[in-house]
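Here the structure is laid out as structure tokens; the discussion comes afterwards.
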Amino acid sequence: MRLDELNAANKADFVTALGAIYEHSPWVAEAVANKRPFAALAALNDAMRAVVIAADASRVLALLNAHPDLAGKAARAGAMTADSKAEQGSAGLARLSEREFEEFHRLNESYHKKFGFPFIICVRRHGKESIFRQFERRLGNTIAAERDAALLEIFRIAALRLDQHVSAPDKLAVHGRLTTHALDTHAGIPAADVVVELCELSGAENVLITAGVTDASGRTDEPLIGGRPLPIARYELRFMIGDYFARRGVVRADPPFLDVVPIRFAIAEPEGHYHVPLTVTPWSYATYRGS
Amino acid sequence: MRLDELNAANKADFVTALGAIYEHSPWVAEAVANKRPFAALAALNDAMRAVVIAADASRVLALLNAHPDLAGKAARAGAMTADSKAEQGSAGLARLSEREFEEFHRLNESYHKKFGFPFIICVRRHGKESIFRQFERRLGNTIAAERDAALLEIFRIAALRLDQHVSAPDKLAVHGRLTTHALDTHAGIPAADVVVELCELSGAENVLITAGVTDASGRTDEPLIGGRPLPIARYELRFMIGDYFARRGVVRADPPFLDVVPIRFAIAEPEGHYHVPLTVTPWSYATYRGS
Amino acid sequence: MRLDELNAANKADFVTALGAIYEHSPWVAEAVANKRPFAALAALNDAMRAVVIAADASRVLALLNAHPDLAGKAARAGAMTADSKAEQGSAGLARLSEREFEEFHRLNESYHKKFGFPFIICVRRHGKESIFRQFERRLGNTIAAERDAALLEIFRIAALRLDQHVSAPDKLAVHGRLTTHALDTHAGIPAADVVVELCELSGAENVLITAGVTDASGRTDEPLIGGRPLPIARYELRFMIGDYFARRGVVRADPPFLDVVPIRFAIAEPEGHYHVPLTVTPWSYATYRGS
Amino acid sequence: MRLDELNAANKADFVTALGAIYEHSPWVAEAVANKRPFAALAALNDAMRAVVIAADASRVLALLNAHPDLAGKAARAGAMTADSKAEQGSAGLARLSEREFEEFHRLNESYHKKFGFPFIICVRRHGKESIFRQFERRLGNTIAAERDAALLEIFRIAALRLDQHVSAPDKLAVHGRLTTHALDTHAGIPAADVVVELCELSGAENVLITAGVTDASGRTDEPLIGGRPLPIARYELRFMIGDYFARRGVVRADPPFLDVVPIRFAIAEPEGHYHVPLTVTPWSYATYRGS
């Protein structure tokens, strides 16, 4: 839906459209309906956040409790809002092993018992390992600190949902970007037509996230990840450099000294720009966090 | 047994001692017993090889046929000479999957049918993948070329067996060496106390070959592989660099950009020196085939 | 002057405006005046070149002879067209040593004697050393080959002059670009505020071409050379990296291991893009021809 | 002279032999003559140093004053002990410009006026720039601190003189070492037959210290500097890499992108090991402080 349509809609339609931005909490949308028109998405987002911040403690607690458990029974049963389902799926929480599912169950129970509300995290900003790590860490918080931490995550979730559901001249999110560049320092040219794969590493698991091929400038047409937060996670980039040098006809060993070049790294800033280039010959390579 | 003892032994003892250098073929040792004394192991080796080269075709064929199938029924049943058993085990042929075992069976049959003798290869110079590759390639040879190829392998096997069983002032084998070196280019010093693991990659399998820790000079005390031929294979070296920089107290991201640094490379020259160093900061690294 | 103005001008004004595009040869402009209007600068350039190519041998010889000697008496006396003066000055031919002046004199004499016209080269595409090298090489040409070589240079000169004197929607020249990028792989960030100097090396001489400071992205605001052909020459880039790490407060040796980092390289393609980055810590650095 | 000969000599000969270890101060040798025999050079050195440390203030002042000015009138006139003359010469103090000579004169005067004795420094551990820097810094010391600093330098001088004049089973000095290594990462082999030059940079001056050629392992036969302290100074290593790749027949640009590769660095630890390798292709290179 477009922002100008939301500005023009009657109140009921407005609330229907934005009632799920804050999980099961249409009162947030209701409270800002009369503040229309909003010149930009940022103004709408600020207004909704202000409503939550000004709400009394019991309402905030109800908002917190409106969220489903992470990888909980509702997730298994598919009984979540469409947004929550998509979000939890993006972090791989829909395909947990039995051991992981039990680990989440154990953490959810401990967390509920200590804080009285479910663990909330903007899962689009995390890989599975990072969610576990955050879960463990936040279990150590005081109740007041954890309430603030949960709200911060709710605001992050709301902003991403607004961006996704409302088309407006402005965008809320400062998205991260993961890019690469393959340079053939044997010939002093960009390495073109190199197949590049990106996997997320999770425990001993490797999940292929995307694959691409470098163009004449040695880059992939699109960022490896872009237009969304970069999930905090461990990754492995793989460059099929053996095939590249074979096509170039460079005389090499048999088997070639370098074939698949893996680069393992972690992303810690979901809104950062990670440029991870490769300079490579058949006998050497280098990489670094670039910009 | 020492070379001088072999020189002094009676003929029967000499033949008993060296009867298995050429598989089930004591006639090779017999033929050189009267040429004693041998001043060096190289002279003994040359003499035995000359006997084989001068032998008539039927004797050579018998020698070829005295060898067990690679990963064949004899291997499964444990019914091989001690040397063959140890050799086939070193290349991981003792722990094949059912699929690999059948693949060897199929190759053995095709090979026997075409050449009339079993496939012979100096397995200590190869990893499992390389053995399969050699097998496929040599199946394409002419019979004459393959007979020569098999003899070359038999001479390689014999030289390694002599080195292993006879202690002498000289050694026959020019052994390969795989070494590494970790340099911390963040601090301009060798990276000490870095855990390094070496795996052989075989299909999707990772077999840990050895692990070590770098010393104050950034090197491991011993070569990662040394004192034997380097098996032709794909490898992955892993440097636990995240732990290293954590111990040094360098401020890093969470999770750290670099944690385990993997270097995948292949060895193609069993008698070569492969030096695979790592120069590393928390944000960059480089490697190359050094010397 | 604008292309549309040239299209609308009377013939005399048109010829006056473009009479010097081909040195002292207004007949080239005259011959295309009636072909107006030209939709683009490229069409005008093609038309003028076609006139030269179609001209008879004596006219072409006259055109060749209309050019001044390189660093000749006319240059010394300042008796050249404004274009020639600016062009020869750009390659440092206005500040020759006595020895170099005599060397040019000697080459000019040999060349005249062999070919019957002066040595012509598009000096904006060359540094001083490269001009000498071209001079020596082309002295070995046959007369026919050299006549073609001279015409090619004249067409290059004409295109650059047209670009400079006529403003039009299109540009003729595919200009080269020299850029750099400084990355601090000690901290995993771009190296900002690094002073960078570019010198042209000529014999034992160092001529400062430009200097700049890297911005927050580790790049200079402008290409080090851009908007013109890159003179074929040897260069030295200098990065004041000692000052940079001192400002960052990195503990270093006294004096620091690295202070001024010089990168010496040559440009061979005047229309190419040369990207010469530096990845650097206080103890290491790397560079490569990038893109 | 050999240590055992010194142990056996009569006292007068012993004092004659070692009277100049401490500048114009044979009383130091005299005081240890009766403590003979010395089992090792280290024991002799310790004993002589202990004599100086135990001496009363006036004797120490006399010892300090027995030293010549650095680059002073005595140096100009050649009126110094043989040791001092060789030492000052090694740091290039024998070939000062008029401006540098005056600068030393000015510093010597200021120093004498403040401390009442000449500036003493173990010049074998410094280049010219470093001597100037030390001079300026030590002028800021208190008299007590400076007396200690001067004695430390005298002990360093004495140890180097003992090593030079007395042959013994042990050596006193832990000498520094500057080594290099050229690796061709285009071919994955050591870069052999590469000419390497080492210059000391002093102001705008370049003084060639040594030159060598890499062997089959990519190293120079001898350390670039070894068997002596490494003078604290700025250096430039130059690798003639263009010639190397031309000989290898690698297709390159004209002129080649890389020809002479200069690496500028400083040595700060005279007793350290500096390994400054180069990994290089025709289009890229890297260096680092190795070990």
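Which chain is which? They are A, B, C and D, in the order written, and residues in each are numbered from 1.
Everything that follows uses one rule, which is that contacts are C-beta pairs under 8 Å (C-beta built on N, C-alpha and C of every residue); 3 or more make two chains touch, one makes a residue touch a chain.
Just so it is clear, the structure is predicted and the values come from calculations on it, not from any experiment.
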{"item": "More contacts between chains, B-C or C-D", "value": "C-D"}
{"item": "Numbering shared by both copies at the subunit B-subunit A contact, with half separating same from different", "value": "same"}
{"item": "Most remote chain, CA-based centroid, reference being subunit B", "value": "C"}
{"item": "Between subunit C and subunit D, centroid-to-centroid distance (C-alpha), Å", "value": "47"}
{"item": "Centre distance in Å when subunit B and subunit C are each reduced to the mean of their C-alpha atoms", "value": "58"}
{"item": "Touching two or more other chains - residue numbers and ranges from subunit A", "value": "185, 188, 253, 257, 279, 283-284, 286, 288-289"}
{"item": "Subunit A contact footprint on subunit B (complex, rising order)", "value": "130, 232, 234, 253-262, 264-266, 268-269, 283-289"}
{"item": "Contact set on subunit C toward subunit B in their complex", "value": "185-188, 253, 257, 279, 281-284, 286"}
{"item": "Residues of subunit C touching subunit A in the complex", "value": "183, 185, 188-190, 217-218, 279, 286, 288-291"}
